[in-house]
Amino acid sequence: MTAFEPKNPGYRASAIAMFEGQPAMHTLGVVIVRLAPGEAELAMLHSPAFTQQNGFVHAGIITAGLDNACGVAAFTLMPREADILTVEFKTTLLAPAQGERFVFKAEVVKPGRTLTFCEAKAFAEHEGKTRLIATMTGTLMAMLPRGAPQTPRTSPAMRGD
Amino acid sequence: MTAFEPKNPGYRASAIAMFEGQPAMHTLGVVIVRLAPGEAELAMLHSPAFTQQNGFVHAGIITAGLDNACGVAAFTLMPREADILTVEFKTTLLAPAQGERFVFKAEVVKPGRTLTFCEAKAFAEHEGKTRLIATMTGTLMAMLPRGAPQTPRTSPAMRGD
Amino acid sequence: MTAFEPKNPGYRASAIAMFEGQPAMHTLGVVIVRLAPGEAELAMLHSPAFTQQNGFVHAGIITAGLDNACGVAAFTLMPREADILTVEFKTTLLAPAQGERFVFKAEVVKPGRTLTFCEAKAFAEHEGKTRLIATMTGTLMAMLPRGAPQTPRTSPAMRGD
Amino acid sequence: MTAFEPKNPGYRASAIAMFEGQPAMHTLGVVIVRLAPGEAELAMLHSPAFTQQNGFVHAGIITAGLDNACGVAAFTLMPREADILTVEFKTTLLAPAQGERFVFKAEVVKPGRTLTFCEAKAFAEHEGKTRLIATMTGTLMAMLPRGAPQTPRTSPAMRGD
C-alpha cells in the first residue's frame, strides 16, 4: 500500500476527538487501538447486550465497528476543518461473530478531495484463535464548511467536539 | 408486489420468537410494529447513547435496524425448522439520522430455498415530518438442520429460543 | 415517488446526447425507451455474443444496462454543464438473464448537488412473460467544471458531445 | 492468504472450459492470464467499441471482467460437477478506465459448500504505468445437480461444455 501524507498535521488528535465525540462508540465499548495516516484499528470486547438469537454479536454492531474504522481511517487524511459522513457501505458476513474480542482494521484505498474509499476487515478472537468474520467496502465524504474551506482553519467547530 | 405464501403457518409466532431472542434488539430499543408474509416493520426511539459526533443516530445502529427488518421479513417465508443468517448487505445513507423515532420497513424481493433477497428503507420522524434516510439491499440465508430437513419438524431447536 | 424538477430545461436532449456518446451502448444494442425527470428506461435485445456458459446474458452486460439506466436517470436532474460518473453500484442477480429482450428501469432516490442515489431493476421478457432478474443500487457523481459552475453555461464542452 | 486445496484435481481444465464457454468473454476480448486454486487473473485490451462518453471503458465492461475473475477464482475451488452463478457484487470505481490494457485479479476470501466470497481488483495499464481503477466484492454460488451431488461425477453436463 502507498504511504499517505496527511493534510492535517494534527490528524491524530483530530481523529481521536472525532471518535471520542461519538456516544455510540462508548456505549458499544469500542476503542481505538492503532492510528496511522489512512489506517485505523479499533477493538471491542464481547457483550451479551449486543448479541443476536444465537449468542453471536449482531451483524449491525459488527458493521458499526467496521464503519467507524473506515471513518477514522478516512478522517486521518482529511483537512483539519472537514467533518466526515458515510455515504454507503457493503458488509459481507463470512462467519458468525463468535469470540471474546473483536478487532476492526480499516485502510484507505483511495483518498479524494470529496470522496474517500476504504476497506475494512473484522476479526474475532475466540479461544486463542483469530478469525476473519466480516469485510466492508465503504465510501466516505468530506464535508467542508461552505465559503471558508480550502485553507486550514483553527477551530473544527462543525464537529462540535 | 406479489403476495407471498408462508411455508410455516406459525410464521408470525416464529418470527416474533426469533426477534425477541436477540438481546441486541432489546438493548437498542427496537420493536416489531408490523408483520406480514415477506414484510416487516420495526421501530426505535432516538437514544443519545447510540449517536455519533453530530448527535445523529450512528449509521451502524441504523444498519442494525435495517438488517433486522430484512431478517424478520425473510424469516416469515422460511420453513419452520430453519434458522436464518445474513450473508451480506449494502446500506446507502441518504440523509442524517435525525429524529425522535426511526422506522425500518423491509420486504422480500425474491424468496428462495437457500437465499432470500430483501430491500429495506429507514425513515426518520422529526418534528412531525417523515424522511427517508437510508436504504438497504441484503441477502439472507436459510440454515436447515442437516439430515432432518425438507419436512417440517416440531422444535426449532437450532434457534435456541 | 416525489416528482423532480430538472435544473436543465434541455435535460432530455442532454441526456440523449450523453447516452448516444457512448459507443458501448451502440455495441451492446441498448436504446433509450423512456425518459422523465429522475427516471430512465432502456432496452436491449438478446444477443448470443454477450452470453455466458449457459446461454444467458452475462451479468456484466446486465450491469452495464442497469448502470446506464441509473446514469441517464441521474443526469436528467443535473445542471447543464455537468458531466457524470459512477461512484459505485451493487448488482443483485435474482434470476438468470434468459429472454428475448431486456428492460432496465432506473429512478433517482435522492438527487444532490454532488452525489445522486439511484435504484434500478432489470426485467427479462421471455416467451410472453416479464420477470424481474436483477436490481441495482448506485451512487452517481456530478462533475462540474472548476471555476465556472454554479450558473448554467451554454456549451456542455466537458462531455465532448 | 491461506493456500486453498482444490476439491477438483482437474480444476484448471474445468475453469478454462467454463471460461471458454462464455461467448461474452470472446466478444469483449477477455483472456485468462493466470490461474491458481482460489485465484484468477484475466486481461483485456482497450477497445473503442466498449467505451463511454469520455473514451474510457464502460463501467459495466470493467464489471464484466471483475465478475468473471471472481467466477473463475471461485470455480477453481468447487467440486467437479458444480456449475456456478453470481449472487451479487458491488463495484467501486476509483478512477477512469483509461489505458491500453486492463487486468482483473480476483481471489477467494472464503470458500464454502454453497457460497464463496471473492474480492477482485481492476488495473489499467496506461503509458507504462499501472493504476488501480476499480474493486469488487462478490458472492458466488455453487449449483450442484440435484440428487446426485456430494460425490464427484464424471460428466459436468450442467455446464454444457
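Going by the order they are written in, the chains are A, B, C and D; count residues from 1 in each one.
Heads up, the rule we're going with is that a residue touches a chain if its C-beta (ideal position, glycine included) is under 8 Å from a C-beta of that chain, and two chains touch if they have at least 3 such contacts.
Here is each chain with its UniProt name: A, B, C, D = Medium/long-chain acyl-CoA thioesterase YigI.
The structure displayed is predicted, hence computed values, not measured ones.
Peer 1: Among A-C, B-C or C-D, where does the B-D interface recur, judging by over half of the contact pairs matching in residue number?
Peer 2: Over half of the B-D contact pairs recur in A-C.
Peer 1: State the pair with the higher C-beta contact count; candidates are A-D and A-B.
Peer 2: A-B
Peer 1: How big is the gap, in whole Å, between where the Cα atoms of chain A centre and where those of chain D centre?
Peer 2: 30
Peer 1: With centres defined as the mean C-alpha position, give me the chain A-chain B separation in Å.
Peer 2: 24
Peer 1: Multi-chain contacts in chain B: which residues touch at least two other chains?
Peer 2: 87-88, 90, 92, 139 - these are the residues of chain B that touch more than one other chain.
Peer 1: How would one label the connectivity among the chains shown: line, ring, star, complete, or other?
Peer 2: Contact map by chain: complete.
Peer 1: Please give the residue numbers of chain A that touch chain D in the complex, ascending.
Peer 2: 90, 92, 94-95, 109-110, 117, 119, 132, 135, 137, 139
Peer 1: Taking the complex as given, what residues does chain C use to touch chain D?
Peer 2: Answer in residue numbers: 18, 21-24, 26-27, 48-55, 57-61, 63-68, 83, 85-93, 96, 159-161.
Peer 1: Can you check the complex and tell me which residues of chain D touch chain B?
Peer 2: 87-88, 90, 114-115, 139, 141
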